[in-house]
Every structure is written in structure tokens, then in C-alpha cells.
Amino acid sequence: MWNVFVDSIIGLAKKSGFSNLTPLHLVMIAISCFFIFLAIKYKFEPLLLLPIAFGMLLANLPLGNLMHPVIWDNIHDLQFADLFNSDKFGLLDILYLGVKLGVYPPLIFLGVGAMTDFGPLIANPKSLILGAAAQIGIFFTFFGAMMLGFTQQEAGAIAIIGGADGPTAIFTTTKLAPHLLGPIALAAYSYMALVPVIQPPIMKLMTTKKERCIVMEQLRPVSRLEKILFPIIVAVVVSLVVPDATPLVGMLMLGNLFRESGVVARLSETSQNALINIITLFLGVSVGATASADKLAQPGYGAQAFKIIILGMFAFAICTATGVLFGKILNVISGGKVNPLIGSAGVSAVPMAARVSQKVGQEANPGNFLLMHAMGPNVAGVIGSAVAAGVLISMLGGK
Amino acid sequence: MWNVFVDSIIGLAKKSGFSNLTPLHLVMIAISCFFIFLAIKYKFEPLLLLPIAFGMLLANLPLGNLMHPVIWDNIHDLQFADLFNSDKFGLLDILYLGVKLGVYPPLIFLGVGAMTDFGPLIANPKSLILGAAAQIGIFFTFFGAMMLGFTQQEAGAIAIIGGADGPTAIFTTTKLAPHLLGPIALAAYSYMALVPVIQPPIMKLMTTKKERCIVMEQLRPVSRLEKILFPIIVAVVVSLVVPDATPLVGMLMLGNLFRESGVVARLSETSQNALINIITLFLGVSVGATASADKLAQPGYGAQAFKIIILGMFAFAICTATGVLFGKILNVISGGKVNPLIGSAGVSAVPMAARVSQKVGQEANPGNFLLMHAMGPNVAGVIGSAVAAGVLISMLGGK
Amino acid sequence: MWNVFVDSIIGLAKKSGFSNLTPLHLVMIAISCFFIFLAIKYKFEPLLLLPIAFGMLLANLPLGNLMHPVIWDNIHDLQFADLFNSDKFGLLDILYLGVKLGVYPPLIFLGVGAMTDFGPLIANPKSLILGAAAQIGIFFTFFGAMMLGFTQQEAGAIAIIGGADGPTAIFTTTKLAPHLLGPIALAAYSYMALVPVIQPPIMKLMTTKKERCIVMEQLRPVSRLEKILFPIIVAVVVSLVVPDATPLVGMLMLGNLFRESGVVARLSETSQNALINIITLFLGVSVGATASADKLAQPGYGAQAFKIIILGMFAFAICTATGVLFGKILNVISGGKVNPLIGSAGVSAVPMAARVSQKVGQEANPGNFLLMHAMGPNVAGVIGSAVAAGVLISMLGGK
Amino acid sequence: MSLQEKLTISGNVAFVGIVVVFLVLTSLILVVSIFGFFAKTGSGKGKKGKEEKDADVDYVSGEEAEDSDAEDSDTQVLEATDESEEDEVGLIAAIMAAITVAMGSVSGFHISSIRRSKRNTTSWNTAGRDEYHATRL
Amino acid sequence: MSLQEKLTISGNVAFVGIVVVFLVLTSLILVVSIFGFFAKTGSGKGKKGKEEKDADVDYVSGEEAEDSDAEDSDTQVLEATDESEEDEVGLIAAIMAAITVAMGSVSGFHISSIRRSKRNTTSWNTAGRDEYHATRL
Amino acid sequence: MSLQEKLTISGNVAFVGIVVVFLVLTSLILVVSIFGFFAKTGSGKGKKGKEEKDADVDYVSGEEAEDSDAEDSDTQVLEATDESEEDEVGLIAAIMAAITVAMGSVSGFHISSIRRSKRNTTSWNTAGRDEYHATRL
């Protein structure tokens, strides 16, 4: 009888996570805790990084069986009944369905659209040039990633980190290189949080004190009609030119139309609260769970992750630089009326990048308020990144 | 090298929506914009019509691939792995699953139930006669649709427009004639919005000034116990007699029980806010997306849509007339105590139809407050429509 | 022609629920109404019992077709296209997917975690002993259930009723004995509601007046850092030792980290409101629907349900007793500083059981405020139940 | 499909549909009228009975306005069980009678007053609030 | 993959990508600038026109602050249909013109002022509120 | 199944279950007690240390009451990076130590105070608010 008990305890110990813990698991757990630390202590995009890091933590506790990365490598063999087989689908696999099906990022964009005021962009349409310019780094990074030995698809997914837009990066990576989703999501959100550190030196290096002091004219008021027409037109134009950007841009603009129409306050409110929060939570925790120790065990994965970190930084830096560069060009063309600092806000990273423009401008000239002017390129950058993502998916997405 | 670039640009242009745009797409886009206009400018049921119209817009931007109407014609061939194939399931197809599975309309009814006070109906149970009478037009319309060449199933789906209840119409159409979902949903919500235009002339034509001036007795107070028992009993009675109405009526009554029980304020609150808003949004945008240009390309589809518009108007008119007619009968029976104007509120279209009764009554006699009395037939009409839907599904539903 | 009408009416009558109503249906409907009564009148855990009872009511109205218990007996034969077949999947079957896939209980735990303050537990870690002690009754009940003729798996599911934690009971039962889900869920929530009736006599029987009068020292303040580290550590430790408890404990701790981190107020707020309410509603109504009349028709099912009621009561009583017993032991060890009444709070049933400790303590000594001290064992009991559930699933879960 | 067939189908659907809609809604009138009958009987029972009823009618709005109080609800469940058994029998009888009515046979029943529920919030939240209050003391 | 191939692919993707991103965003500049042109034209129309515009600009914040009133909205839809047709033609023309612009050909259009919407709540809720008010009278 | 078998199974499940439940919860006592030890050590460090800790304890309620202010949070992330590195090292060490503890080996660590976070809202919303403020100036 006693033997039976002892055998059971031994059996349970063997089935416990401790006995299946490898050094790689410990590394992954340590990385998770590091990102939890960054999210809480420094508020590194905590809405996403906290769920991502905790999902990563849970997925790396052996035998928890919350996530099965292996099933996602052969999705075309999946059967409906597999959903009920806990050796195939765990809790986080089920939440991950929304990522894999490309549902979560557009729904997040719906909420973002309902939160975004495109007024500053409509008042100053030249901002769109800057929102385009600050995507150039994406394509430079693509080149860099190809040189570092990534495949075309992987290079496309890595390059989009430079878009400085989380849902766009996750959407694109899911389509092009889902196996890199964990590191790319972590890099994208981390660098977005680091915008106030990365951008100012580049901005100061590329501009003269005189340029930074330029005070811009006050923006004209924007009528409600313009704000209503804007999302409709952007949805139509972008979708027609780059159909692969439709899920992102279409939902972004639907959310914005909810906001600006003024007749569906309920839908607008829910899009930017309950719905976006639920989706953010599900997306974060399941994207984090894709970063499992098994992946780190694959030869070269660690090196790839390291290269992604380097390339992500490179992408942000180039995007910032090209944004500022085009800001300088616009300044020249306009006869000195455009402060080039607003160019860096074109990277997206709403609203952090616009605040950085404000801050750097005010350092040079305490009476300079660039925030509103920088919000134009800032929101244009969101559209720009989505267009760039559409182009990459269209050119590189095998199927 | 340059050739490669040019080829790529040409390739991308060919893959763009512009080169695949047909006149039919333009027609559909114009129709979408027209409904967006109606929803925003005239507040035509904007909670539904704005998402429906925008869904229709997105679905008609070529190659956006958000919706694939063709997969829904052969649902029995669908495999689980098809979900991951973006040539089969787009974003809106996935949201449409909730429509196709018949989940969204009952969940909307849950929220409607939590918002509805059946007190006026309980205080004046004769209202139920009017709620039944105002469904008669549904069956007249069925007859008309058959005469105009629709199949039985199509005729049933079109007839239910006269129920003046959006979720009921969508639920019924999904079961009987899913290919007509777009036009029927648009017609149903548009006519519901037009209730203040359609009903008054009919009401005035059918009543004398003297009848319109009748002031009704104040309603008795209703106890909490009655309000708690009501949803339980209605759910049991309706489900037993018309089992096919159970999803709608059962959820409506569950929501109402949440409201009246007073012990689950959290569930009541969420049912009538976050949940109903999320579902309304998903339902609207995906139902709208079923109205694609491919459908308009089918011979006869435009003519069908036109007939649906005519029949929908006819249905509303007849339902209003029969409601008022039975109001007159009740007035005679009760010895002049019932204002026949409350009969027209039996069409559902809560609370617009009850307001129309109030307004027309007050025009005739400024001291006449019919609103509370009209709310009785108004909410009875919701139950009546659901019963009618159950009968139609039961008699016509193939399966 | 008239014949056709009469035939149709007869056909419809045959397809109505009335003609298919059996005495067993009436029994089930009466039981549903009884639980609706308990939920509304005595507030017996109304958030769960009201939806459960109404789900049971709807599932027992013949031909409503909202739930098909038979499909869940052979889940491995299910095909994706079956979802669209209303003879296989009804509304409540679809909502039940979230139960069957084990998604709802962890998501409820996410919200519970966001609502729970583990401060009293951190301030007084000895509480964890009591949270463990009050689970002993679970295993006694397992023994009792085996003796009463249940299978191992059934016995495990019944025993977990003693955990006094609804989501844990539902999660465990879904894994071990899904056919008993209805009665076990009803018993679990009913006894949780009855905690103020079941516990006091046992508590008074096992303690002396002097023990009940013990006033405990005020708890030390707990720093934010401790509160942040606690959920991370608990998630790691529990998941490593008992991997099968990871879905529950991992989500509970993620919710708590949302709360304590202070940087994701949005996610914390949504977890404990919109999300938990939606999931509670879906879970309740679909779990209730599993209790169909067909089951009651199986020979022995009624007797089984009766035994479950007895065993559930037994489980609660023993858990309370062992909790108080270990409270007495701690009191002796600590030299009279621990009031044994806080031991009974270890059964979980947050916060009811802690309130019972408070009330019984105050009866003995009006100046005695035990609530805060009892919250420690109370929340420890939630962790304890989840660990016990993990062990049962691990040892008994065939696959 | 011939015109004859169309007419038959339409006529059939229309006839059955109208009959069933009226059948269901008039049978609900019956049930609801029974409510009303007992409601009137109840209000005839004397002044005290009437006041109780009025209190019930105001109930919903009052509850919505009131922010439920943690201290109050502490011992509320225990109170519930201490309550007079009359009320219990009343509501249970009413619900059971309702089923009976629904099943086709009507039996008399007596509606007594319903207790007012104070707790508008969940047990989970209340615990947090209690504790918060406790720490502030 | 040879360096040559990598360079070709990268160059190709970079070139096409940059071209398309700029193409799309500059074409949006065109459209938005047309807004601005008419906005300016509109504001030049005289004092009344300008005031209307200002009212529109304040609109969103005003609406958010205001708790919509059930009495107000009772007859609002009827009012909407009574409105002057000018506005209607204005917005419909604008939306249609927007499509035309999007499709590649620009035609002139005239933007008139937009009415302020008062209803911030749903029809469902309003009904409940109305009734509540009615019972309080 | 024989009675013997039933007894063996039950005894086995009960024994293992009780052992594991106590094992897990007592090992958590260990970890949490270590918190308490350092908490006390920390509070013994002098008056300033104590005050810091008190501020931390009040933190949650204070934060909930305060409506975070857009102006304040504008430059907050930059401040965070300017902060003294001590704190940073403190929390990172604490989390790392926690893992170490969880993995079975305990090493000493030092908990320093945690900064108060002011931003209770999302970056998205803040942008909108900033802009709104800007337009009102």
C-alpha cells in the first residue's frame, strides 16, 4: 500500500514541470521576467508588453500545455475535432486562433481609429509626405535583413518593425513569417517604448538649432464634414491601390467613422474600450506564448533573435532620419515655415513620437509648441505603415 | 535591373483594385455611400446601417478579399483548415460566422430584453392583440412575394421585413434565404427608420379625428413579482408552441429576467452595453459585406432587390393598417376607451412606432399622452414578430 | 383547400413542444424554476445560478433545439461543417464550445484575479496552511464518492465541489466527467451560497468560546513590490509543480498582475467587468443547458444527482472542519495568537466564507474584527482548490 | 409553380401563421390577466397591503440610484434565511403556479410581498471593498 | 541565394514599396487639399458661413459633454425629415464627389453646413427613459 | 471494482492530493515569508525608508482616485529613463531573485522603493486629450 503512494508521488514528480525544466526554459523565463520588469517599471508599452511577457512566461513552464507551437506549423492538417484534444489545443492556442486568422490586429485598429483624431492631418495635408517618408527605413531594413541571411518573407516581417506600429507588425509577421512572431512583437513594442531615447539624438544631429526653433503657423479649424469624408475616402483609395492593406486600413477608418459621425456613440465607445481591451489581452498573451523554449532550441534561433534586435534598432533610426530629412525638404520648399522636427513623428508610435517632436522643439525654443503639428505626420505614419505592410504582403506573401 | 522594377510596378498595378474595378463595383460603392449618408445625416438606424453600409463598401473594393460570398453557398464542404486559407476566409467571413451560426441575433435580443420594460404590456394585456394584429401584413406580403415570383423561402424572408424588427429579420433570412441577406437587412432597417414617414398618413386615413382624440386611462402600477414572472412564462409558452422561435424569444426573456430580477445588475449592464455593441458591430459589418458586386452581376438580382424594396414598403403599410384596424375593434369592444392610434405601434420598431402614436395623437388633441399606452403594443410586436418568424422557419425551412 | 389548412395546423401542433412534452421535461422545468427562485429570492450566487437555471429551462423546452447533448458524447467525430447543421449545433451548443474547450473558467479566473487583493495573504503567509487544510475534505469526498459507486473520474469531479470554487469545479468536471456537469455546477454554486448556513454550526461545535474570542494582531502593511512579485511567483511555482493547474492559476495570477502592476488599468478594468460578465453569462447558460431531460431519463441518473447533493454537503462540511482544525493547531503553535475561526474561510467561497468567520467571531466577542485575517485563508483557498483540481486532473484524467 | 399552387401555399402559410401568432399572444393575455386579477385582489387587502405594493413598484428605480453599501450587505444572506417563511412560500408558489398555468391548468395562488434586495454588486467586488474599508479604519 | 539575387530582390521591393507608399499618401494629399480649398471657399462666403463652421468645429466636444435629453430626441427624426433640402443635397453631393475623386476624376462640389445631432444614446434606451419619465409624471 | 481496489485508489489519490496541496502552499509560505523578512529589514533602515514604504502602501488607492493628467504624463517616459539607477537595479534584482527562489536556490536580494506611476490611461487616449487641450488654448 505504501509503495503505491510512493509510486504515485514519484509519478507525479515526473509529470511535474520541475523535472522537465531545461536551461533553455530558464533563459526564456528570465527573458519574460525582464520584459515584465520593463513593462511595469518603465511603462514600456505595458498594455501589450505585460500580456506578451506573461504569455511567454506561461508558455515556458514545462507541461503546462497552454500552447503547442508545433500545431501551427502544419495548420492545413488541423481538424475541427483537434480543438478538443488538449494535446493539440491548449488555452493559449485557442486564443491564438484570432492572431492566426488575422482577426485581432484589424479589431485593434478599429479601436485605434475610434480613438484617433485625424484633424491635424486634414488641416495640414503635407503631413502625409512625412508619414510616407518615415516608412523609407522599412525598405532599407528589408535590404539589411536580406544581407544578414534572412529569407525574403522573414526580411519583410522584420522590416515592418520600422513601421513603429504594433498591430501592423503582428499582422504582417503572421502572414509572412509566423515563426518569428515572438521576437518581432517584442522588438516592435520595445522600440516603440524607446522612441524618446532613440529619436532625439538623430533629430538633433540632422537639424540646425535655427531649424529646430521654427514656430509653425496655427492649424486651420477642420469641419465635421471633412472629418466624416476623410475615413471613407482613405478606406476607398488605400484599399483600391493596395488591397492587402484593406483589413487594417478598412477597420481603422471604420472606427474613425464611428467617432466622427457622432451618431453611433455606443459603437465608438465600445470599440475603444471593452473590445480593444479584450482583443489586446488575447493578442498579447497568445503572441507571447509563441516564444517558447523549443524555438530557442533550434540552431540559429538565438542568433536570428539577436539580428532582429539590431535590425529593429536600425529600422527605427533610418525611419526617423528619413522623416526628418523630408521635413527639411518641406521646410525649404515652404520657405521656412515647416519645422523639420515634425518629420520624425512620421514613424507612427502614436503619440510618443509626436511628443518627442514637441519636447525637442521646446528645448531649442521654449515658446515652440509642435505637438499639434507633429500629430499630423504621426497619424499619417499609421496609414503609411499599413500601406507598406500591404505592399510587403502583396509582393512576398506566397500564400 | 530597371526592367525588374517596371515589371514589379506593372504587376502590382494589375493586382491593385483599380484594374479590377467594374461598373457594378462602382454602383455598389455608390449605394454604400448613400446608406452611410442616410445613417449619418438622417440617423436612419445608424447603429446598424452605418456598419452595414461600411461593410458593403469594404466588400466591394476589388481584391480586398475581406469577404468570400462563394464559400457560404457550399458550407457543407467547408473544412476547419479552410479558416486559415485567406482565399476562403477573410476578416469579414470570420465575423460572418456568428451570423451564419445564428448566434448574433439572439445575443442582440438578450441585450434588447435587458433594455425593455414590459410593464406597460403587463398593465394592459390587451396590447398583445395589437402586437399580433400588426403582424398580419407579414403574411400578406408573403402572398405578394410569391406572386412576384420569389420562391417560398425567399418570400418568407422578405415578408418578415414587415415584422419591423432587425435581428428577427436577419435571423429568419439566414435560415431561409441567406443570398438575400444584404438587401433584406438594408430594407428592414431603412423602413424602420422611415416609420415616422410611412405610418402617419395611414393612421390618419383609417381613423376619425374623434378616435384620435380619445384619452386613455392611466395604467395600473405593475409589481416586481409580475415583472419577474412575465419573462419566464413568455419563454416557456412561446417556446412550447413555436420551438423555432426559442433562440430569439428565450434570449429576449433571459435578458429581461436579468433586468427585472434585480440580483444580476452586472450581467444586465453588460448585456445592454459591451456585449450588444460588439455583436451589433460584427453583425452589421459582416451582413453588409454579403451584398457584393458579384451578386449584382447575377441576372435578375437587381430586379429582385427592387421588388424587395416595394414589398418591404407594402409590408410596413399593411402591418400598420391591420394594427390600427384592430385598435379600432378594441375601441368598439371596450366602449370607446382605446385610442386606435396605439395599434400602429404593434409593428415593433421600438420605440419609434410608439413615438409616432404619441405624436399623431397629440396633433389631434394636445393633451393626449399615448406614449405609455403605445409601448404595450410596441413591445408585444417584438414578441409577435419572433413568433411569426418561428412559424415561417418551421413551415418553410428545408433542413 | 380547407383540408390543407387543417393539415398544416395539425402538422404544426405535432411539431410544437407541447406534444413532445414528457413528465421528465416537467420535472426539469420545475427544478429550473426552483433554482431561478433561489437565485432571485435568496440571492443564491445569482450571477451563475440565474443563467444556469434559465439555460436548463430553455434546454428542456422540447424541440427548441438550443442544445444537443448527444453531440458532446462523440466530440471526436465532429466536423467543422456540423457547426452549420442546426440538428447538431444549436445556440447553446455553440456557447458551450467555450466550456468544452476549457476557455471560460480560466477567463473567469482572470477577472477574479483582477478583483482579488492578496495583501492579507502576503501579510500573513501562515494563511496558506489554512488554505491547504480546507481542501482535505475534497479527498475525503473522493473516497466517499468511490464508495457510493461512482467511477474514479466521476468521484474526482464530485469531490472538487468541496473546493467551494465554481470555475474550478466546472473546469475539472469538464475534463473528468462532463456528463455530470449540470448537477455538479448546481450543487457547487448552491452550497457556496449556503456557506453562511453550513459553516457556523460546525465552527461553533469545534471551537471553545475562548478560542472564538481571540483578537488577532493587526496585519502589517504590504508593499507594492510584494504585491507585484506575488502573482509572478505563484504562477511559476504552482505551474511547475502541478502543470494541470496552469490554465486556472496562470490566468488568476495574470489578472492579479494586471491589478497590482498599476500600469494596465484598462486591461484590469475590462477583465473584471465586460469580459468576466460576458463569459459568466455564456458559461452559465450553456452549463445549465447540459442538464437535459434526456439525461434524467437514463436509469440511475436521478440517484446519481441525489448522491451528488449528499456528497457535496459532506465535502463542504469536512473542508470547513479541517480548516477550523488546522486553525486550532496554528493557534496552539503561535501561542494563542490565531483565532481558529479564520480556518473555515480556507474553503474559498470568496468572500462569503470570510464574512462568516467575521460574523461568528463577532458573536463571541463584539469587538472582534476577523474579516481581514480571514481574507488570507479565503484567497489561499482559491489557490488550494486549483492545485487540488490540478492533482485530480493529472491523476485521473485519462485523456 | 402554377398560380394555383402559389395561392395554396400562400393561403396556407398566411392562415397558419396568423392563427398561431394570435393563439400565442392571446394565451399570453390570459396569463398576464391572471397577474392583474391577483394584483387587484392584493391591493384590495387594506392599506398596508397597498403600501407594500407601492414600495415594490418604486423598487427598480430606487435600486438603480442607490449605490449598494458594503457594510449593509455583510450579513444580508444570513438575514435572508432568518426571514419569515411566508414570503418564501409566496414566491415559490407563484413560480410553481406560473408553470402550471403554462402547462395548461390554472390553480389559485397568493402573491405576497417581495423583499427588497440591497446588493447591487458582486460578491467578488464587495470583498475587495470590505477589505479596503477595513484598511482605512 | 546569390548576392546578386538578394540585391535585385531588395532593390525591387524597396523601389516598389517606396513608390507605392508615396503614391498613396500623396494622392491622399490631393483629396484632402480639395477639402481645404472648399473649406476656405466656404469660410469666405461671409460672416454667417464662418459662424456655422465654427459651430461645427466645436461640435464634437460639445456633444461629448452634453448628456442627451430624452424629451429633445422624441420628435427629432421627424424634424430631420422636415429640414431644408439644401443640406441634404450638400452632403450627398459631397460624398458622391468624394467617390468620384477616389475613382480618378474630380468634379466640383459644394459643401454646406451639417446639422448638429443631439441623440447620443440608442433608441432602445430612450424608450426606457421616456417611459420612466412618463411614470414619474 | 472490488472494495480493496476502491480503497487503494481513494487512499492513493487522497494521500498524493493532500501531500501536493500542502507542499505547494507551504512552499509559497516560504517565498512570501522572505518578502516579509525584507519588508521588515527595509522598514528598519530608518525613518526615510519607512516613509517611502508607507507611500507605497497607499499607492493603489491614491492612484485609483486620481484622474491622470495629460500635461504631467507628457514627459514622463523621459523622466523614467533619467531616474537613478538604484531603483532599476533593485526591482530587476528582486524579480530575478524571485525566479531563483522559484527554481529552488535562494540568494539574498535588496528591495528598494518603487516609483509611483502617474499614467492611468493609454497612450492613444492621451494623444487625443493633448490635442483637445491644445485646441482649447
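Labels for the chains are A, B, C, D, E and F, by order of writing; each one numbers its residues from 1.
Just so it is clear, a residue touches a chain if its C-beta (ideal position, glycine included) is under 8 Å from a C-beta of that chain, and two chains touch if they have at least 3 such contacts.
Here the structure is a predicted model, which means the values were calculated and not measured.
Q: Suppose you hop from chain A to any chain it touches, then on again the same way; how many hops at least until you reach chain F?
A: Minimum number of steps from chain A to chain F: 1.
Q: Both chain A and chain E are touched by which chains?
A: Under the touch definition, chain A and chain E have B as mutual neighbours.
Q: Once you count every C-beta pair in contact for both, which comes out on top, C-D or C-F?
A: Per the contact counts, C-F leads.
Q: Taking each chain's centre as the mean of its Cα atoms, which chain lies farthest from chain A?
A: Relative to chain A, the chain with the farthest C-alpha centre is D.
Q: Distance-wise, how many Å sit between the C-alpha centres of chain B and chain C, to the nearest whole number?
A: So the centre of chain B lies 38 Å away from the centre of chain C.
Q: Could you state the distance in Å from the CA-based centre of chain B to that of chain E?
A: 27
Q: List the centre-to-centre spacing of chain D and chain E in whole Å, with centres computed as mean CA coordinates.
A: 46
Q: Tell me, which residues of chain D touch at least two other chains?
A: Answer for chain D, listing residues that touch two or more other chains: 11-12, 16, 20, 91, 95, 98-99, 114, 117, 119, 122, 132.
Q: So which bits of chain A are touching at least two other chains?
A: 8, 12, 18, 21, 29, 33, 36, 40, 43, 47, 79-80, 83, 228, 232, 236, 240-242, 262-263, 266, 273-274, 391, 395
Q: Quick check: in the complex, which residue numbers of chain C touch chain D?
A: 1, 4-5, 8-9, 12, 21, 26, 29-30, 33-34, 36-37, 40-43, 45, 47, 111-112, 115-117, 119-120, 193, 196-197, 272, 350-352, 354-355, 358-359, 369, 371-372, 375, 378
Q: Which residues, counting only chain C, touch chain A once they are in their complex?
A: 75-80, 82-83, 100-103, 106, 110, 175, 228, 232, 235-236, 239-243, 246-247, 250-251, 254, 257-258, 261-264, 266-267, 269-271, 273-275, 391, 394-395, 399
Q: Please name which positions on chain E make contact with chain B in the complex.
A: 8, 11-12, 15-16, 19-20, 74-78, 80-81, 87-88, 91-92, 95-96, 98-99, 103-104, 114-115, 117, 119, 122-128, 130-132, 134-135
Q: So in the complex, the part of chain D that touches chain B is made up of which residues?
A: Chain D residues touching chain B: 6, 9-14, 16-18, 20-29, 31-33, 35-36, 39-40, 42, 53-54, 56-57, 59-60, 63, 91, 94-95, 98-99, 101-102, 111, 114, 117, 119-122.
Q: In their complex, what parts of chain B are in touch with chain D?
A: 121-123, 125-126, 128-129, 131-132, 135-136, 138-140, 142-143, 146-147, 152, 155-156, 220-226, 229-230, 232-234, 236-238, 240-242, 260, 262-263, 265-266, 380, 383-384, 387-388, 391-392, 395-396
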